[in-house]
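Next up: the structures, one after another.
There are two complexes below, and they share subunit A, which is joined by subunit B in the first and by subunit C in the second.
Right after this comes the complex of A and B.
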């Protein structure tokens, strides 16, 4: 179990039903700062891809003067990737389709607000 | 929806001081049951005379009943209670616009834009529309009269491109609501639609440039995780909901709406725009 300042946040998110992984990622370079992964997940690659997607979406919103991004969700056939950022950090969650996305969303937005 | 109305009605019967008269009244208004909505709102106001949302509800019902001055007076009360109430400013702009007073309408819209930091695309688009109409350069000088928009607050309507303009590809689907849709190719170049920013400008090219490569990255991420093909991305910002989905030929469809628009509704619009884009692309444009 991680002992970083993000450990409790990640553990709290991973306890949500259907959450397979939670990570704190540097948005600029996609490097994992801390993670709570189930066995079999490649955290580094997930982090890099999710951070890049979040960054692109956030910048597109900025280009359209639509304000700061608060939450992003990518829906796929058999799962979801969620991201919420603050400053240069992005909180990423990988979840199953059956996950309670409403609850995860609320928890992530709240947790992202507490990121340094 | 019928269940909600029943549940709220029951709750109000049990507790006449409950604030459920607000969603109940709004739902009835949207259903066109204006007399009943008015009755509910008036009873609610008797117990919550300093609740700005209650006055706002009454104003919207009044607009739907064609009682413009009454609506204006109620929104004026909303502003006394909540000076930064964007919806009231938009509503007052609408009333003045309908009354032919475009100068005052623009002033209310400008106040709304100031309060919201220029981030409300609906307000900005309406303002741009009004300024354009003032110059006689847009929409052939004709300003469309607006209907209540998605958050229930009316505002003068944004001019639409001509029907044969590719920018208008999704206009029929977007309808009266101040949503915007943009179809990008695999390089992030605009194929059709528009993307209007907070100041009423089409920033499709800029948005496309930022989103270039999203389709490919989303595909790589989902394949790497073994969660199948990606279906949609939903991005929430402080003022908007932006949805994206893969389109034919590695393209990307983007639909944005104000934050007040339910995400589920934006997703439905996205699906319909996707189908429209598919048919258009298959027909060779």
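Right after this comes the complex of A and C.
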């Protein structure tokens, strides 16, 4: 079986401490292209909602003349959702509250830059 | 968004779907083409055409699926330039319905599929049991029932 072109990107994100799920999502469709999920994570649901959120954040940044959105972070009671996009793809990470968000952010921006 | 339903138990699940999935048009119909509920349509004639086309597409896709895959295709997505269409089956204790929805850039296929799954669950939960002696829609009554349902949806007798 051939490896997805996103496998190494997802593996590098999942290696970060506290990362529960990492996904590559089509920004327009909100459909999962590839993912690395821990048990209990609903990839389709997270992908659809996070891609929609990222898209709206990107459009908001553009509407406010802030340029391209590079990174989005949502903090919730029991964790965080981070998203970084490139062209029509969005990298989404679901992480624990205790995760090193600085490292995750660096990895995500680096990885997003390498997306096709 | 104005939602009208011939069968009142459909209205709440449909309203929730519309609010969450942010789609612009929707139709719930029997596989025969009889309309059950609609939102976003302004004219009865458009509902009638959309129902006839949706029923035909569903029947064709079902047969195509059986020939290709051994079982009927249950969902169909068609992306247009500005708008997209999603057509799928919703199974309930009251029987199987066809759901057609149209969405634009305010929504996405992922969101529509996500909320459609929830819509199916809440529709199935809200559906009263099927009548014991459900009569099939016969050709001679079809037009009468279609007109009755359209009148109920658009307030014209």
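Simple rule for what comes next: the second predicted complex is superposed on the first by the 114 of 116 C-alpha atoms of A that agree within 3 Å, B and C clash if a C-alpha of one lies under 4 Å from a C-alpha of the other, contacts with A are read in each partner's own complex, and residues count from 1 in each chain.
Keep in mind that, in the parts below, a contact is a pair of C-beta atoms (placed from the backbone, for glycine too) under 8 Å apart; a residue touches a chain by one contact, two chains touch by 3 or more.
All figures in this text were calculated on a predicted structure; none of them were measured in a lab.
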item	value
Combined model on subunit A: subunit C and subunit B, fit or clash	fit
A:52 touches, of subunit B and subunit C: first, second, both or neither?	both
First, second, both or neither for A:28, with subunit B first and subunit C second	second
Contact breadth on subunit A, by residue count: subunit C or subunit B	B
Partner chain(s) touched by A:7 [first = subunit B, second = subunit C, both, neither]	neither
Touching partner for A:37 - first (subunit B), second (subunit C), both, neither	neither
Partner chain in contact with A:71 - subunit B first, subunit C second, else both or neither	first
Subunit B and subunit C, minimum CA distance [Å, superposed model]	8
Shared subunit A contacts, counted only where both subunit B and subunit C touch the same residue	45, 49, 52
Subunit B residues touching subunit A - in the complex, by the definition given at the top	117-119, 121, 195, 197-199, 203, 206-207, 209-211, 213-214, 217-218, 220-222, 224-240, 242, 244, 254, 256
Complex contacts: residues of subunit A adjacent to subunit C	25-26, 28-31, 44-45, 47-49, 51-52, 55
In the complex, subunit C residues that touch subunit A	107-111, 113-114
Contacting residues of subunit A [partner subunit B, same complex]	41-42, 45-46, 49-50, 52-53, 56-81, 94
